[in-house]
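Pasting the structures in now, so scroll down.
Paired with chain B in one complex and with chain C in the other, chain A is shared by the two complexes that follow.
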Partner chain A sequence: MNMKVDIKKFTTSIFRDYLVLVAILALILVTMVVEPRFMSTQNMTNIFRQFGPLSLVSLGMTFVIIGGFIDLSVAGIFSLVCVVTVSLIDPIGQVPAMIVGLLVGIVCGLLNSFLLLSSGALTQAEALFITFGMSMITGAFALFITGGMVLNFSDLAGNFALFTAIGSGTVGLFPISLIIFSVALVILHFFQSKTIMGRTICLTGGNKTAARLTGLSVNGSIMMIYALSGFLTALGAINQFSRTTTASPTMGKGFETNAILAVVVGGTTLKGGKGSVLRTLMGTMLIILMSNCLNLLGVSSFMQNVTKGAILVIAIWLDNRKPL
Partner chain B sequence: MSQAASAEILSVTDVSKSFPGVKALDQVSFSVKRGTVHGLVGENGAGKSTLMKILSGVYTKDSGTVVFDGQEVPSTTPIKSMNMGLAIIYQELNLVNQLSVGENIFLGRFSEMGGMRGVHAKGRELLDSIASKIDTHKLVEELSVSEKQMVEIAKALSFQSKLIIMDEPSSSLTSDELKELYVIIRELKSRGISIIYISHKLDEIFDLCDTVTIMRDGHVIDTRAISDLTRGDMIAKMVGRTIENEYPPRANKVGEILLEVKSLNTLKLNDVSFSVRKGEILGLVGLVGAGRTEIVRALFGADKTRGHEIRIDGKPVKIRNPKDAIQAGFGFVSEDRKLQGLVLPFSVEQNISMASLQKIAPKGILRKSLEKAIAEKHVKSLAVKTPTIKTKVVSLSGGNQQKCIIGRWLETTPRILIMDEPTRGIDVGAKYEIYILMKEIAESGGAVIMISSELPEVLNMSNRVLTVYEGRITGEFDPIRYSADRVMESALGFKGGAEA
Partner chain C sequence: MNRNTLLQSAGKLISKQKALIAVLLMLILMLFTQTNFYTPFNIVDMLNSSSILLILAFGVTMTVISGGCDLSIGGVLVVSGIIAIRLINDLNMNIGLAILISLIFGAGVGFINGFLVVQQKTEPFIITLGMGMTLTGLAQQLTNARPVTCDNEAFTMISNGKIIPGVNNLVVIMLVILVIAHYVMRYTQFGRSMYAIGGDYEVARYSGINVVFVKWATFVICGMLAALAGVLLSSKLNSGSSIYGETTALIVNCAVVVGGVSFAGGVGGIPQAALGLLVFGVLQNAMNMLNVQSFAQILTQGLVIVAIIWLDSYSRKVKRERV
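The block that comes next holds the complex of A and B.
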């Protein structure tokens, strides 16, 4: 009897662990059969390019969620970084503009953590609202800077070869954006599993009180996760406008929900403590493939949102039924 | 059979309940006669709370039968049992602080009472019937603990309860309030209402109860009329062994002063000063909320203080947060294992290593082999029962979880180990092992500051006892020379204690 239960537990845990992978494979197979255009070079390039921005934002979100919090401000920060960077290319040159863009991300992230820490907000719900407020503020700044206009690379006088390279350049077969992502993934995986700071973030997410009473720097990890999220969002934003060669002040819209979706579907628990960037990689792949397939199959965008919502709900439901 | 049903309000037959890894109740049987006060005693973990939670419908029994008021109750829920006439008043009272007294009594039944006016009128009636003068419009958060208890009793009466279970009702009452409670309980009894009275305080059991059921390790050991029992019998049945081997011999290598604390002040503490010697186990005794935990938390930098002076080996140290405290040589086994100590979804290994991350990451990079060595060392030396060190700590028993936390601190080689309720919810065997560890820490030249709600434990383990009452230290005792009653009087704020 006990044996039976164990086997059942074992199979369900295997099933859950690889559920995302199975879903990805199933999706690819079905779409390949139904819609041969899926395998075209053009579509593959398309998928790779879409992958860059969302996956980077999701990597940052992974740490925020592992640390026991949430970050809705990525939408606003994303838009702000887009317009700030592009509008600075002419005045100060492309490299300084990129550096400023990344700094804007980090500073906004630190501001999030500062607001949380100084107000003593230590729950996910409070973080949800504070970062939502930050998203509105940064998003509004983005609109303010451009006066609501869209900035086009074609209107720029200066050199923007760096961004063109990020957007559409390749090294051998590999798009540069994919290389950026892979490097980030490897570094972050190492950071999480091998460094004191990474472990501290996980423990903080697992039990803040216990972490603090064990002398771990809980405040430090909160600052770290939001700064990291801001930085990776900025990196994602740069990736995005480099690909589209335009920067609109509402470009970040939807990235917060999609990033959370990617993290949770990947199997990182919203309860904090446990999860990994590798899971997020799978989650992101699933989200992007799914929207690509649904597009190819001509499913309306309303219906696509229904699917996304349903997947999020199911992922959280499965997570909550999992024993600790 | 029908006669038995009418004489007994409750009869429990062969009820068992298991949780993963523990048999909490094993074929428990006892019955409560109508209109009597029935005492229920036993050590922590004896199964009293589990049994009460089965009766009130919080847990479901695995097997056995429960007959209440002549009818078999196959399964129940908290609401069903309330309506049936079985009320339970928990130690941590179950009231909504932000609502008024009247609203709390009739929570969820406002319309049946004819709106708010009816709620307050009927609430008044019920409170009058137990001679309580609490204004029904007052918010519950403004009430004292004993007043809250009155509200709970009124609430129980509003359901026409035939049986009221009181779980440790006296644990935070003053002696005057306790006398009031006695009066009310006798009044309820005269109305034919039965009471199950759970308490650790044997005096109360002898004062109040007609019959008493003694539990130990999930079994009912005996049910007897109170007049057939002596205090000694009762204790022997509760602990199931002689008292001599419950505690190891006292630590006996007390040396010079290690820690001096002067004028520790916080919102709840008033000018607390004391010192601890090398090799000493210092016990802090007081009621829950008296400030015991606040003292050690402030000392450890976990709570904000309003200025204080701490010296270790005569040298002043500054402690602003737990990190400073750990560096100064403190360790802290906190009161609530699950909420404040363990990171439940993490492994035994990671829970043990978490106070020593610097040690297992010499250059900032975690070395798994070092972590594993540390975890294995403590799992072995503390005899932690776990399948592997990779097992999640959540699946261990309370005693083994506590050992993981102790291992975590031993790895930091603390000079002063603070232990707040170190044996709460731990079975007898594991308790003894923890006592031995405490003694070893003290005798190796460190010091232990221990807090416990179990007076015998503090008195038997400590070299010196301080009593805490309303945020102040009210007395200092040598537990060998003074009786438990003297210590308790001081902890209840009666008068200053004697110098040890």
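The block that comes next holds the complex of A and C.
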């Protein structure tokens, strides 16, 4: 009985986003007809493999946007984590380096929330500028650590098997990066729908005053939002440099806008209070499939940027026209 | 008691004139260094290099004061410059006509922004961010992600020529736009309506102001000024490339807020915006003079943004709590 209700809830929440779903299906159908290579196993693994960096960053961004804020510092934190982790593999070993990398993400996220809370900045615009400043600061540190150079795995003396496994290892047909993403998705979905903190984040985005008067810890939820965003960004960064086996201090460029794109296209409203990680899954799926299809159809990467931007604009427009 | 009020008024002064104090502080600090900072050439150069951003800032100020914001200016900046150069190169078009088409393009983008933000009531910053992304992609497509240069020498003289000896035309154009924009904002009905709309949209509507038209117009003006800035930038560098506008939009919007234009709308003005931009212009010039490394320059810019925006929202929090 209980199971049945859950399934019903799940399907209705999917059907509310039927627009994105229809878009995904249409995209798959059209590409399947025009380009039969789309269904090959090779291409499927290729698609699975892309559920790495951007999807993880978008999961973090989902909570920030549900909470009614925005996080542009993702770009800087992403680069900083890449550079710090790779440069620490040799001195302290791969596992401690990874832990330090994740900690850097969390600390930067907490710093964001500290700046917002201490100044009483509660609007999206203020969060936008403060996190943009933070993005510059963390990006500058990334530049400082490497001196502007690119770090290569091939120059490392130590053991980096762990990162190779994350970057290119597979369990059966599924790449490890996809498994990491799926585990994160399940945990975060549970966190959002079943825990008090998760519900508090939704309420914070909906109405801060009401949340505070209800006795919920709004400040705690804001800290949680940014720490989570920082942590998932760090996880995404580790995924990214493991796959490319290089770490450059400007690696995170563009991730902030793409993550916002994925979240918003998925159907999470920018006004805050409404949305879920499942919607973000849909948004990232659409973006990944779209870039894959456009690649197969031979569209230049520049035109792909145009379509991405246009889809963002249209998605927000349609989202805005929906009655709340 | 007396000391307290003195402290309070000092605090108020600092929180109101953050940008001015920052600029003055930098100017005073530079007095004690052995550089060429205080030479007429450098001062003109400083203005020259901030002019493009200043022109962008004037348009952005209008949208911000009427309660919007525009992050698509980076995209408009690069595309309009490329359009002008491509038209002159490929079609042998008259320079004036090419610039006019660029400006119309900018106005068109502003018109679409205005339609989406004002008429359809979408969130301005995210929709203009998407528009900026689209336009940057378009710029890459138009140039194949390589810089293009203009064959016609006369095109570079628009910015680099010197009508007044010693001063580039770019600075003159910037100053003319500053004066016009300030006049419009301060002394015309249109400008005053912007403040009213930014202060309270509904009240402005009930007062009989054509809110949709005025707010829409600010977006069109902003797009057009961004296109003008793009043409002037390409003329100054004699090249158009998709990479120029990468962080421009956010920097300019930040600088406008740093100068004292409230992001909530209705507060500020053209001089404040110019001052906010000068903070970054003077900072960059001073750091270049002192041979500061590039990472430290980015770091300082980030710190300045965080510090000033933090102070801005903190002073608003204090005000809220007092009420």
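In the analysis below, the second predicted complex is superposed on the first by the 305 of 324 C-alpha atoms of A that agree within 3 Å, B and C clash if a C-alpha of one lies under 4 Å from a C-alpha of the other, contacts with A are read in each partner's own complex, and residues count from 1 in each chain.
As a working rule, contacts are C-beta pairs under 8 Å (C-beta built on N, C-alpha and C of every residue); 3 or more make two chains touch, one makes a residue touch a chain.
Model, not experiment: these values are computed from the prediction.
Participant: For the overlaid complexes, name the partner, chain B or chain C, with more touching residues on chain A.
Facilitator: C
Participant: Looking at A:Ile196 after the superposition, I want to know if it touches chain B, chain C, both of them or none. Which is it: first, second, both, neither?
Facilitator: First partner only, chain B.
Participant: Which partner does A:Asn207 reach: the first (chain B), the second (chain C), both, or neither?
Facilitator: first
Participant: Examine A:Ile222 and indicate which partner it touches, taking first as chain B and second as chain C; both and neither are also allowed.
Facilitator: Neither: A:Ile222 stays clear of chain B and chain C.
Participant: Report for A:Ile288: first if it touches chain B alone, second if chain C alone, otherwise both or neither.
Facilitator: Neither partner.
Participant: Have a look at where A:Leu80 lands relative to chain B and chain C in the superposition and call it first, second, both or neither.
Facilitator: neither
Participant: One more residue to check, A:Leu270. First (chain B), second (chain C), both or neither?
Facilitator: second
Participant: Could you tell me if A:Phe129 is touching chain B, chain C, both of them or neither one (first, second, both, neither)?
Facilitator: second
Participant: Using the superposition on chain A as set up above, list the residues of chain A that contact both chain B and chain C.
Facilitator: 271
Participant: Once bound in the complex, which stretches of chain A touch chain B?
Facilitator: Against chain B, the touching part of chain A is residues 193-196, 199-200, 202-203, 206-207, 209-217, 271, 273-274, 324.
Participant: Flag every residue of chain B that touches chain A in the complex, lowest number first.
Facilitator: For this pair, the touching residues of chain B are 300, 302, 321-323, 325-327, 332, 334, 339-346, 350, 354-355, 357-358, 361, 364-366, 392, 394, 408.
Participant: Show me the residue ranges of chain C that touch chain A in the complex, using the header's touch definition.
Facilitator: Residue list for chain C touching chain A: 69, 116, 120-123, 125-127, 129-138, 140-141, 144-145, 250, 253-254, 257, 263-264, 294-296, 298-299, 301-306, 309-314, 316-317, 320.
Participant: List the residues on chain A that touch chain C in their complex, please.
Facilitator: Per the stated touch rule, the residues are 72, 115, 118-121, 123-126, 128-130, 132-137, 139-141, 143-144, 148, 257, 260-261, 264, 270-271, 300, 302-310, 312-313, 316-317, 320-321.
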